[in-house]
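Each chain gets a letter, A, B, C and D, in the order it is written, and its residues are counted from 1.
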Amino acid sequence: MWSFSNIADQIHEWLSSTFNPTWTLIIEMVIAGVCVIGLFAALGLVLVIMERKVSAWIQIRLGPNRVGPKGMFQSLADTLKLLVKEGMTPNGADKFLFNLAPFIAMIVAMLLFAPIAFARDFQLWDLNIGVLYVSAVSSIMVISILMAGWSSNNKYSLMGAMRSGAQIVSYELSAGLSILAIVVFTGSLSVPDIVRSQADGWWIFKGHIPAIIAFIIFLIAVTAETNRAPFDLAEAESELTAGFHTEYSGMKFALFFLAEYMNVFIVCAIGATLFLGGWMPFHIGNWEGFNHAMDWIPSSVWFFGKTFFLIFVIMWFRWTFPRLRIDQLLNLEWKYLLPISMFNILLATLMAIMGWHF
Amino acid sequence: MFIVKYIKDIFGAVKSLSIGMKRTLYYFTHHKEIITQQYPDNKDTLVLPERFKGEVVMPHNENNEHRCTGCQACELACPNGTIKVIFKNDLTPEGKKKKAIDKLVYHLELCTMCNLCIEACPSDAIKMAQTFEHSVYDRSQLTKVLNNPGSKIMEGVE
Amino acid sequence: MTKEELKIKIAELLPAATFDETGEWLNVHADAKDWLTLAQQLCNDPSLSFDYLFCLTCIDWKTHLSMVYHLSSTKYRHNIVVKSKLDTHQPEIETVSFIWRTAEFHEREVYEMFGVNFLNHPDLRLLILPDGWEGKNPLRKDFEDPVNMIKL
Amino acid sequence: MYRQTDIISDSRISPQEGDLVINVGPQHPATHGVLHLVITLNGETIKKVEPHLGYIHRSIEKMCESLTYRQFIYVTSRMDYLSAHINNHACALCVEKGLQVEVPARAQVIRVLMDELTRIASHELWWGAMAMDLGAFTPFFHAFRERETINDIMEETCGARLTMNYMVPGGVMQDLHPDFQKRVKEFIQLYKRKIHEYDELVTDNIIFQNRMKSVGYLSPEDAISYGCTGPTARGSSVSSDIRKLYPYEIYDKLEFDEVLETGGDSFARYMIRIREMHESIRIIEQLIDNIPEGDFQAKTKAVLKLPKGEFYTRVETARGELGVYIVSEGGTTPYRIKFRSPGFSNLSVLDHIARGSKIGDLVAMMGTLDLVIPDIDR
């Protein structure tokens, strides 16, 4: 049967038979890199048009509808515009850091792609601590934001960056704890293991209340971590004009923009993997016919379907809620989310030990 | 009790947020609620109310005749000096000299569409048109002469 | 209080005040040097309690300037108008921004538009005109601006 | 009431070492126009807000001195453009007071109907912009849906959507459009069908409530002292509705309540405006079927001359008390005209209520003061 893992295996076999192992590795790396960049570009375009359409429909508008069929090429045109725009660096800025910051944001987003299982047995890097790797690397993101805010030499940028620092560092905690709840159930940090453990049911169904609580907390925390509304204080438009990227224009701004969407995609992919079974199809008990029909759908479709559902939920948040204030944001984390997720992880541990989950 | 209040707070918050999300989901799925008007596309079907104040025009009949007597009421009524009446001397059929308008100059760029000139006009010579796309590349194009070239005053209008 | 009662009461407070009843409300003419004490009494006197200054402006009469204060009481709902003549060349009057806080902005506006100097004003700077404005005060009758003022 | 000492101590806080001075505006997403605030911050906490005005000052008062009593009304639409109609109304009332013209009953009803529609339109726009300031973009578009209906009604009857110039001394310029009643009833239907969404989307939202409650507290004494009017004052339970206190036109015959809240914070000011929309709908419902027949304009002379004297009228705009003060020397143009705009006084309170709160709160406060910059600058 046709699948991503088959193609990957065939390419690997052909390369191994043609080149020596070192060259094979190098060529495979290049192919992976090109694929990631391609995926990046494609996902960026899709997510931007998706965001614009979702917001338009929620706001009783039509949204982009001029470029291409139903306006689907709008984001392509926007990208083209951003590419040919002059990339300005303000006079008083720290030029090196100012230009470096968007690339760090981009590199972090790229690194995060490594452990994600896009389809059955299809992964860039089967890391045995995949989940830990994601939460570790994603916290580097804050450095690029701080760098951008500091080097812009703009008070708005600086305030945005400082807010962002406080925000990401605190929400990392509850995101980590809610991930941990699933890790406790599974007993593994490896992404393929976690997915395989959900063959008989996704964790959000199997894990009862702790999994549901963990899922909700995870959604809130990752929304905050990716700096999206209602937690977009780093770029709070009505307060700080555009926050840390006030001074950025052209392609450098586009990189920040793209990195934000990539981060959204990655956290949603992680959420889908942990709670919704990754590429695992939806199965119900012993309904053989139904389960077979579900198996027929390719695993990559399952993965992207779930991920895009979560992305939609996060967009839905954004276009519904007003923004929090900085002290309320931190109160929410330290007074509500963190105690609840700590309590939740105890509950999850208890359930895992007693074997109460299915 | 503290814990009860704490839990109640959380549930109240979640409930209020989910009500809002339900409302936005409704609009996300009900596309018939969309109110966008696609402006240049619907130009043919766009109907403006007959009272809409777009610009001042002077209607002429099929014989190229207007109703303006040149009484300057509009010029006096205008707060911005938008209208200037320029006179000439016409000869009546009996050979007498008669004062008539040569040009009624209208500066659209100064006009605020306040309708005071139309109210002031005693002979209904000018009215508001429903055009609204006034942008031009050169400001001088906005200075218009309202009466057609060679037009004269309608019979019986004093 | 009715106009008559107000008149009697204010005449007690400030015997030098003159009155005219041409307008809708009682007009009190007070001297600029008496204004601050009168204002304090108008605000603090329990039977008057003019706690709301709803309009503060100035009129240029060419020969003199005239400050106009419209006062109202939120308790009794009576209104008076206090007027005070000022010299055209060196207009000076005590500020009332300590009594009615709203006067602070209104006095700044009058200061730049008419050039009235408010003594003891906490923050008498240009509010509307651009910093470094030189020249005449725009709302004075003798103000001429050949560029921006179009005579019809 | 006389508090000389405490004001002198805090009147001129100059920035100290470690303070951040930022310019909010004149181009800033939250200031809705060209308001320029210089804010002294300590971290995220506001130490001082200093408004700098004049970016859109057109000196309307000076302009009016050279316009006749018929002409000057149109300029006032450009002050508080969101309640343009009510501004015109105030001017027309003031001229009528001088001329002592009796306005026909039909014209009075039309004026009140238009005023209330304008008030709703203004509050709708405020609601959307307010929510947008707080980061919720969707309500803005939802508010415009209802506002657009009102604008269409205005366009049909007055010929313009925003700066109508529908009032003339002695009445209104044109009679109502034949469809007016039908359209207003349709609007009331739409309003009643959609208004609960405002609560669902914004008012009841827990994030919104936390952003608004106990933010920007204004005590009743300060509200009076700062000359706050309209919803800003009524949020601090200061009765200041000119329609009730000094009724003009037919407001004394109508049944409506003056909306008062006791909170004094941003949420109270928010609730005032939401509830005021309901009251306006109530007024419109009372009048829409009872428009008397008759003239829509009183007979006035072609050239209006006000007698020598001073005339002052106050009306309630969507933002508060608008005073028009005409000094006449007996000519065809006013000798001096003064507009006591509600926004100017309401802005002056911003520094007082903003001190000590976070910069995010400033947006919530500015939103609930409902500042319209041309109204402040005139």
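Heads up, the rule we're going with is that a residue touches a chain if its C-beta (ideal position, glycine included) is under 8 Å from a C-beta of that chain, and two chains touch if they have at least 3 such contacts.
These figures come from a predicted structure and were not determined experimentally.
Undergrad: Going by the stated contact rule, which chains contact subunit A and subunit B alike?
TA: Where subunit A and subunit B share a partner, that partner set is D.
Undergrad: Return the chain pair with more inter-chain C-beta contacts, choosing between C-D and A-D.
TA: If we tally the C-beta pairs in contact for C-D and A-D, the bigger total goes to C-D.
Undergrad: Quick one: which chain's Cα centre is the longest way from subunit A's?
TA: C
Undergrad: Counting only Cα atoms for the centres, state how far subunit A is from subunit C in Å.
TA: 63
Undergrad: Taking each chain's centre as the mean of its CA atoms, how far is subunit C from subunit D in angstrom?
TA: Roughly 24 Å separates the two chain centres.
Undergrad: Measure off the straight-line distance from the CA centroid of subunit B to the CA centroid of subunit C, and report it in whole Å.
TA: A distance of 42 Å separates the two centres.
Undergrad: So the centre of each chain is just the mean of its C-alpha atoms; given that, what is the distance between subunit A and subunit D in Å?
TA: It comes to 45 Å between the two C-alpha centres.
Undergrad: Where in subunit B do residues touch two or more other chains at once?
TA: As it turns out, subunit B has residues touching two or more other chains at 17, 20, 23-24, 35.
Undergrad: Give me the residues of subunit C that touch two or more other chains.
TA: Touching at least two other chains: 152.
Undergrad: Got the subunit A residues that touch at least 2 other chains?
TA: 58-61, 319-321
Undergrad: Which bits of subunit B are touching subunit A when the two form their complex?
TA: Of all residues in subunit B, those touching subunit A are 10, 17, 20-21, 23-25, 27-28, 31, 33-36, 38.
Undergrad: Where on subunit A is subunit B touching in the complex?
TA: Spelled out, the residues of subunit A in touch with subunit B are 54, 57-62, 65, 316-317, 319-321, 336, 340.
Undergrad: In their shared complex, at which residues does subunit D touch subunit C?
TA: 1-4, 7-8, 11-12, 51-54, 57, 59, 61-62, 66, 97, 222, 224-229, 238-240, 245, 309-312, 314, 321, 323, 325, 327, 335-336, 338, 340, 344-345, 347-349, 352, 377
Undergrad: Considering only the defined contacts, which subunit B positions touch subunit D in the complex?
TA: 12-13, 16-17, 19-20, 22-24, 35, 48-49, 51-53, 77-79, 112-116, 119, 128
Undergrad: Can you list the residues on subunit D that touch subunit B in the complex?
TA: Within the complex, subunit D contacts subunit B at residues 67-68, 70-72, 74-75, 138, 145, 148, 155-160, 163, 165, 168, 173-174, 177, 197, 200-202, 204-207.
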